[in-house]
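We call the chains A, B and C, going by the order they appear; numbering starts again at 1 in every chain.
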Amino acid sequence: MQTLIQTEGLKKYYGKKHVVRAVDDVSLQIMQGRSLALIGESGSGKTTFARLIGGLEKPSAGKVRFLGQEIQGTGEKTFRPLRKDMQIVFQSSGGVFDPGYTIGESIVEVLRNYEKLPRAAYEERVDEALRRVGLDPELKNRYVTQLSGGQCQRANIARALVLRPKLVICDEPVSSLDYSIRKQILNLLNEIQEKYDVTYLLITHDLSNVPYVCKAVAIMYQGRILEYMEGTTAIGERVMHPYSKLLYRSIPAADPRRRRLLLDEPEQTEELHAVPKGCPFQNRCVSCTDRCRETMPPMVEREPGHQVACYC
Amino acid sequence: MDYRQTDELSIENLCVDFDTPEGIVHAVRDVSLKVHKGRITALVGESGSGKSVTSLAVMSLLARNGSINNGKIICNGTDLLALSVKERHALNGRTFGMIFQDPGAALDPLFTVEQQMTEGLREHQRISRQEARELSIRYLKAVNLQEPESLLKKRPFELSGGMCQRVMIAMTMALQPDYLIADEPTTALDVTVQKQILRQIYQLCREQEIGILFITHDLGVVAEIADEVAIMQAGQIVENGDVLQIFEHPQHAYTKQLLNAVL
Amino acid sequence: MSRKEKKVKALSQGRIRWAKALRSPKTRIGLVISILFILIAVLAPLISPNDPLLVSVIDKLEAPGGQFPLGTDQLGRCILSRLIWGSRYSLSYSFIVLGITLLIGVPIGLVSGYVGGRADTILMRIIDIFMAMPSFVVALAIAGTLGASGRNLVLAMSLVYWAEYARLTRALTLQVKGQNYMMALKAGGCSHGRILLRHVLKNIAPSIIALATMEIGSIILAIAGFSFIGLGVQAPTPEWGIMLSDSREYFQTFPRLMIIPGIVIVIVVLAFNLVGEGLQDGLSTDR
């Protein structure tokens, strides 16, 4: 199995006086065929991490390797050829297309950046990409405002796929969509990875998305990875970190006979300030010790393919 | 179950039209709905189904091109549509409280939490600034916010989304409304925060006998919190009933489709 | 089949907005008048009844009618012919000023807004300096050093006006840059040049065009104003400002010498303003 992405001690700090540690010492790897879900709540740094990998921002420290090549801090010129193998599907479904061009034109534009083909071949590839995401190729003549939210997101995925990339970073691909189409889109993403050998980095706050698409999970909190786990069946029962457990307990069950959110005892509310040192979850953690306040627990392998950063 | 007429908010055959440049849009068509004190009625629908318009009609907050063409809104036995606009707006706050999806935008960034809370209180009640402040602190504590005294001095942008939403709930609750309209109150929040807010809303409903109209598109949340459920599609209510009945024996095809789509 | 497809081809939002903008009565009335004046300017040699420069003392201050449809001025020159030829100067000078300011201002604004950072700061300071210069003082300075002429007036006005467009373009660029699709284009491997020209410029062009059209009116007014006080085009050129200034002394006795060119200026300025406003209403992106 080929390693697609490997990060080592990746950091991104913002601000000079009040330093915000958006991404703090993250080491992760994504293997080909093992799509990774990066889970985190707002402000956890998951989107920043995706942008660092996608070359849309420069890291403050650390390394990123894509297909073995170090890409941190490279200019857009050297990075551009790599984008052929690494595409991004953005969150907002409608806003990611220039309203002045048709969907077809927008997709061809990406293709034209990398491949020189005869005119008819471009059209052919666009039709193929649209068909792959379950859209009628006729829609290529429409403008973004004439598509529904679900169609937009499909077109968005089509644009990412048209170059036949190896890695697709999906930043909250379904959170701006209505519930009834979320499942469709997630199933579509899964179908695509099985058919066309694509690997995803799925950035999401919604844990229920994970099993549809991914084969590994990383849980992020305040810029740090607290848990990494391969296999996405019954994640809820297998997670070990107190934060991961809290996350899983917070998902509504969709079963009025098994209400649990309202019965669970209340826990510490979210905090306003980042902790100066130690484990970022210390103030909300029920099993916090003095050691947690002093040093950040290292990632320790508890069982094969399952690492947890906790002293518990 | 039997309820006295004076203890419910009842929407009957409500129709709301919008006059747009493209023609008249029937946003809400013949919607009937009941909210009982001390119970939570969830109004479920996807974007554009007319669920928010229904709530705005109750609050008399429709955009200028919107009009109620038919139906009644009866609150505690009085028909609201027979009242003047002024009288209806006077009900907002005391009779109806409302919390929104984006709590950050519902609070004015220029003023401190204290200024906004006490202003709302003193508009509706004859109390001194000091009394209003004490009342504010009491309600902030009631929604589980720590250090309410220092919180009062903060401005909305210094708070997290969850805290803003809790401040909104405290503000609304301080006026002791009979009914609370919650329009997607947790959609913009993280799941761990959502959980706390849901518990808050649930407690308010039960302990203070407030009737809650909970608007959402998330059936997971509905299953956790609602007593009654109304499913809305394209401006109409396609199915309503007890939460157990809806989840276990859905009748309408659209309800089944929604339940199927739950992740 | 393929022919049919083309027919059904959807209209872009942009095209719909243009259509809407061009359909509004404001734009239409304005356009008709402006185009009429442009035609008059182009066809001046063909349609003017007399030589605008021909001085004929016998015919001086004649009432409208006969050989001189709008009468003659104090030197016996045909007022109508002078007005017709004058439109040439007023329109061409204002188009040249507009062209130069757009050519300088828009690229600078684009780069400043798109690149950002230090380049932006430096360019903005330069823009500020030019914005701070009152056009009157610059015109005075240039007339003083290079002499007062139409060409130097164009130079002076361009020098001051480009900064305004640079600033506007920068603001619009920043707006477009904040859109989500900018990041998507970058992720799709589009080069900066491509993003700037095919996406940013295309999206901001309508707003710039609308403003520029409105600006034509005020430039015409400014040129007439500068010529009136002697800083621009010089007599005996049949320029509207000059016509006003020449006839000052006759205002009490022969007010039409001043009123007629005055009315013409007002009409032209109004016409371009109407077009600009109509375009702005129609094209404004109310997303």
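Just so it is clear, contacts are C-beta pairs under 8 Å (C-beta built on N, C-alpha and C of every residue); 3 or more make two chains touch, one makes a residue touch a chain.
Being a predicted model, the structure only gives us computed values, none of them experimental.
Chemist: Once you've mapped the touching chain pairs, tell me: line, ring, star, complete or other?
Modeler: line
Chemist: Taking each chain's centre as the average of its Cα atoms, which chain lies closest to the overall Cα centroid?
Modeler: A
Chemist: Approximately how many whole Å separate the CA-defined centres of chain A and chain B?
Modeler: Their C-alpha centroids are separated by 33 Å.
Chemist: Rounded to a whole Å, what is the gap between the Cα centroids of chain B and chain C?
Modeler: 54
Chemist: Chain B touches which residues of chain A in the complex?
Modeler: Interface residues on the chain A side: 41-42, 149, 178-183, 186, 205-209, 212, 246-247, 249-257, 259-262, 264, 266, 269-270, 272.
Chemist: Show which residues of chain C lie in contact with chain A when the two form their complex.
Modeler: Going by the criterion above, the answer is residues 5, 8-14, 179-181, 183-192, 194, 198-199, 202-203.
Chemist: Of all residues in chain B, which touch chain A in the complex?
Modeler: 46-47, 144-146, 158-163, 190-196, 198-199, 202, 217-221, 223-226, 243-244, 247, 257-258, 260-263
Chemist: Mind pulling up the chain A residues that touch chain C in the complex?
Modeler: 54, 56, 76, 80, 83-84, 87-88, 90, 92, 95-102, 109-110, 113-114, 138, 141-143, 145-146, 156, 159
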